[in-house]
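Labels run A, B, C, D and E following the written order; every chain starts at residue 1.
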Amino acid sequence: MSLITIMGLERLSHSVPIAPPPFRSIGRHLRPLALPITLLAIWELLAHAGVADARFVPPLEAVVARGIAEFGAGGLGFNLLASLERDLIGFACGSVAGITLGLAIGFSRIIERLLGPVLLVHRQIALFAWVPLISMWFGGGEAGKVVFIALAAFQPALINTWQGVSGIPRSYRELADVLTFGWFDFAWIIAIPGALPQIFTGLHSALIYAWTATVGAELLLNIAPGLGGRMNEGQHLFHMDLLLLCILLLGGVGVVFNVVAGAVEHRLLRWRIP
Amino acid sequence: MSDPVATPERGRGQSHALEIADVSKRFRVAGRQVQALSHVHLAVGEGEFVSIVGSSGCGKSTLLRLVLGLDTDYDGEIRVDGQRVERPGLDRSIVFQEHRLLPWLNVEANVAAALRQSGLAAAERGQLVRDHLHLVGLEQFAKAYPAQLSGGMAQRVAIARALVTKPRFLLLDEPFGALDALTRLRLQDELQRIVRNEGTTAVLVTHDVDEAVYLGDRIVVMHPHPGRIATILPVTDAVSRDRSDPNFIGLRDEVLSRLGVSRTGNDAAAEVRRSA
Amino acid sequence: ETLIRIGYPGTGIDDRPYAYGDYVAVANVQKLVEAEFKDVPDTKITWTFFRGAGPALNESLAAGQLDFAAGLGDLPSIVGRSRGLQTKYLASAGSHDALYLAVPPDSQLKTVEDLKGHKVAQFRGTNLQIATDRVLEKHGLAEKDIRFVSLDSNSATAALISGNVEASFGGSEYLDLAKRGAVKIIYSTKNDDPTLGRNAGLLVTAEFEKAHPEFTAKVVRAFVKGARFGSDEANRQAVFELWSKAGLPVESFEADFKDERLAHRLSPVVDDFIIARYKDQAARAKAYGLIKKDVDIDSWFETKYLKQALVDLKLENYWSTFDAKGRKATEGEVEHTKAASN
Amino acid sequence: MLPAAGILVLGLVVPLGLLTAWTVAALLGQLPEQILPPPWVVFDTLLDGIQDGSLLSSTVTSLERVAEGFAAGALAGLVFGTAVGLSKTLRDFLDPLFLALSQVPTLGWMPIIILIVGIDEGLKIIVIGWSAFIPVVLNTSQGVRDVPEAYVELGRVLSFSRWSKLTMIVLPSAVPSIFTGLREGLANGWQTLVAVELIASFEGLGYLMAYGRQLFQLELVLSAMIVVGLIGLVIHGLLTLAENRLQRWRPETAR
Amino acid sequence: MSDPVATPERGRGQSHALEIADVSKRFRVAGRQVQALSHVHLAVGEGEFVSIVGSSGCGKSTLLRLVLGLDTDYDGEIRVDGQRVERPGLDRSIVFQEHRLLPWLNVEANVAAALRQSGLAAAERGQLVRDHLHLVGLEQFAKAYPAQLSGGMAQRVAIARALVTKPRFLLLDEPFGALDALTRLRLQDELQRIVRNEGTTAVLVTHDVDEAVYLGDRIVVMHPHPGRIATILPVTDAVSRDRSDPNFIGLRDEVLSRLGVSRTGNDAAAEVRRSA
């Protein structure tokens, strides 16, 4: 609980902030960078102070140098783009399918009863277990990988949409009944906007899982250009600089995703911030 | 507990557009049975305006929900044109006791939502929405979100939403409760005008007995524990619509006394006070 | 258009679509199969390199997505056969593949016998498992004498270097790490019993073989050409360089093949030694419970295409043959080839 | 409202349909054994595994790992998620780092974590815990941020202490989100268990699956999948029960 | 727009317990500036009862929020005992316009929630909660959840919650809006009794002008666009508390006319109708 007491529940006590002076708002924008920079500094310190084994913790500049070399001649940029492309395609397919099915289940009690248990069991079964089946049905090529990624994105999108829709207050459902909404109107006017915060949480998770699955697909299915392969190379040859570079890249992409998703979310949830 | 005979005595229409036949409804609350409605009989003619008054918790909102078809788990039967009501329909429109605006839609879109199943062209809908926002005096706030409205403004939006579909039945659950005197009077008149022009059949739940008498063709007085109809008072043409008319005041006091507020008009409070 | 789909159970470092250590890599890089089909219109050759090694390739075969499996390890191919995969074993695609035992540089372990009671990494279910067990058996140990941890090859490397396991069996990938001082090699099967190495084969699906015997013959001929090139000591340097496309440095191969002739491993010939190895592996796999049904080796092997190719290419006596115990039975011409002088 | 029996029957329609299709296809020889072994073979394998105790001991091992990892990850996730949900400042500082770290696949961390903690139980618990942590944090913090402003204001008006705000307003309102997070976290924990047992283990259900795949024994993979699915369903059921208990106040006729 | 001098003319106490000094508040709504409050001055003496009436959207609820300290982003100053109000405190209690019951707590627990910071013993709290549930007539529903209550019942729970802490300041935003005539009269009297006994300072927002006159020591009439105080009318002792008293009716009509409902009492509606 100490964390909570330290940071307090400020939001609860100052919900209407007085416009911050400009210098504070600049400080605010730098906040997200504070911790990563601190961590990098600690890393650098460890690497140089000789505390850590240089084989395990290469200094930051070695990673940067590797990055420059890789992006220049090594085609890492190309690998990154390849991974991103299949990630986004898989994510798009999986999350659209997940949201659609989640809405259907949230909309109809019968569908929920029919499919709910199956989907919940399905969720428990490791993604990895599908690899043999996927590689048999869709091949180990690009199609198989995209299916694998889509499967990873599907579940969180589905579960969160489902939960979000079932969490919609009964009064709004009744309103939909009174206005004799069909399923489309119900979805479009009530279910999606009402469940939007949770759907976004689901999409956040879906982005994370899809990205994980992208690397997984590149490792488990047929080879193709991508970050997964480079990561594998780093592990295989024990090139920690390359491995760390890949991890930084993966995380960096995550941050970019997050910023974009956050902006979209902010825009779509305007009504909550009057 | 006499079941008052439920014939419209001064309906503008004669057919029974809406029939509530021996309806009872029970709830389980905290382990106890609550009899929300007990043997309720009421027949409402086409174009008739029925006011319902009764104490808090006597089942008025529950009755409206049943008429809407939101809840079909009750004893007895509710019929529209002789057909049992199974589900909500566009012919019946309601102003809920709470406004129930969708927080993610702005005022305009909230009103327009009611027109989605209307099959009207977009331009026509836009015009209807504008007209009704004008009616409730909120044209200026068309783009505002519900969180940015005052309580009364939100209620007015809900009224606009219920009226915009020009329904055959209008169910109103304390629609003017949060409105100031002036706005309330204006909207009462507007409502009356609309109901007359369109031939709408209306059921109004209100705590304002003046309002009930002013708008209603009949006044249903309900009693609680269990929720039931105590009396149905017709508003004869003699009562007219003048609030200062002695007949009007007489009827109002009659209704008040049926509600347990004895003695005439302004004395009622004193009476209550004395007896407390 | 006829598709000829060849699968290889492995990839280079960084998932490069290249093989190393066998003649399949030679045929692939030199495009020998493609050349063989130049005069046949409407054919297309595709190569797929599988990350998940044998199992992944088996799945692909089962799904009907491959026609040839080039260099499939002995255990996975036996497992596939025991599960009813309809294939034909056409030629050997590698034998005597060495196994190395790597330990951290500062380790006190010196011999296989020392492993008793220590924590050792092993990739269960791969042909490494049977090979490891055989090495142990040879040195008087059993699986239960050692605390095995199942790790895939990447994790094994990390675990080894960080000292989380005390030893690990593996292939030539440890040689590069040894050269960089990250590990120490304390044992290799190279100087031990010749039956200890790992084997691989060239397989075709029964369906394809039945439908296109002439194409099957052509593919085999192409691979034999690759084997011929790869076995010639004159090409030693060229072969290493061609393998290094897979991402391992030439020095690794030099170390791997130190004091060993290329032909020792790259021969396509199916001799008594190979047949005995497969029978032995099948028996052990059954004994270990890795497969449930017996696998009939004799009806699986279909060497007529190989024989035909050897005749066509006049290579009947090119490679040496070995008897079931691994002793040289006949000496081939290849033993007289000399490294290019430079 | 459907009667309980009806609910059960409906829930079984799809699984039974799939099972029938599978059986029929296998009987007609439409399914090669190496693509999908017939149901009775899977069933036999399941029985064998139960009889010789191997399946049971694997299940126990895996359950322990998931239980420990999930408990640690979920608890940490609840605390962390609540904290970042409540405090904008904390969110500014921690959110980007957390989201960046969460984007790095578990498979990617593995070599580094192995370097730090080795390959024993600690590794499994950390990795499972981390994968449970992520969804719990995401959902909890979202749920906490979504507490209706009206209730937050009420807490201020009643001069609630932090603890009261947390227990009377924030957490009850976030219950559905928190439970979604727990569910996701649990499922994710199982996923990771399988991955980590594949990479570094000698026992457990995940190991059984990996082993089954290596040896092309899909019936082994499938029987392990069935066990994992059933356990997941049971735990899911328990979570639902707990959630419903916490949400007794909800009107029964939710739709 | 004269700023009416804001001295309590008939307060039971004389010190200025609550001062609202030149308060203005703006909102941005759909791209436009809405002036919710403009230069509002009001000083409320200890133990005084101030009624506020005004049309929908004229800033009444906003003003209460500011007094509560829920929103500190405004021009001017609000002081309690000369100290600027920075945040809500247990000395100020409110009945919101909507009931704001916590849906996951039952009726009893919702009322008890207000006592969490009171420092009282559990038994004492239990007694207080029971007393106040009795006051609003809901002992029977102590274990019911908000979703099981009627609109008026929920509002009564909210009233109990606001009273249970025996606050120094009581802010009431249309507390009786959803109540029937009888319950309303009863609760008005109860409120008056409590306020007198405890010496509570009360600010009541209401649309019921009778109620405003009946309960208030002064009546603040607000006008919209921008929201501001139009007049402050004292309720002299002469007016007494008898609703049928001519003085009472006179003052009521005066307030109504300030609200734009011209002519006396029951004629107002007719007037409006005619002018519409």
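In this text, a residue touches a chain if its C-beta (ideal position, glycine included) is under 8 Å from a C-beta of that chain, and two chains touch if they have at least 3 such contacts.
Just so we're on the same page, UniProt names per chain: A, D = Sulfonate transport system permease protein; B, E = ABC-type nitrate/sulfonate/bicarbonate transport system ATPase subunit.
Just so it is clear, the structure is predicted and the values come from calculations on it, not from any experiment.
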Chain pair that, of all pairs, has the most C-beta pairs in contact: A-D
Per Cα centroids, the chain farthest from chain B: C
Length of the line joining the C-alpha centres of chain A and chain E, rounded to whole Å: 49
Chain centre separation (chain C, chain E; CA means) in Å: 88
Centre distance in Å when chain A and chain D are each reduced to the mean of their C-alpha atoms: 17
Chain E residues counted as touching two or more neighbouring chains: 70, 87, 98, 106, 145, 147-148
Touching two or more other chains - residue numbers and ranges from chain C: 55, 59, 62-63, 154-155, 158, 161-162
Sequence positions of chain A contacting 2 or more other chains: 13, 15, 56, 131-132, 136, 170, 219, 235
Complex interface listing, chain D residues touching chain C: 32-35, 110-111, 114-115, 118-120, 198-202, 207, 210-211, 213-217
Contact footprint of chain A on chain D as seen in their complex: 2, 6-7, 10-15, 18, 35, 79-80, 82-83, 86-90, 92-97, 99-109, 111-112, 115, 134-135, 138-139, 142, 145-146, 149, 152-153, 155-156, 162, 165-166, 170, 176-177, 179-180, 183-184, 186-187, 190-191, 193-195, 198, 206, 209, 213, 218, 221, 224-225, 228-233, 236, 251, 253-255
Chain D contact footprint on chain A (complex, rising order): 1, 3-5, 7-13, 15, 28, 31-36, 39, 56, 109-110, 113-118, 120-129, 131-132, 136, 155-156, 159-160, 163, 166-167, 170, 173, 197-198, 200-201, 204-205, 207-208, 211-212, 215-216, 219, 231, 235, 243, 246-247, 250-255, 257-258
Residue ranges of chain D touching chain E (in the complex, touch as defined): 150-151, 153-154, 156-161, 164, 168-169, 172-173, 175, 247-251
Residues on chain A engaged by chain C in the complex (per definition of touch): 55-56, 131-132, 135-137, 139-140, 218-224, 228-230, 232-233, 235-238
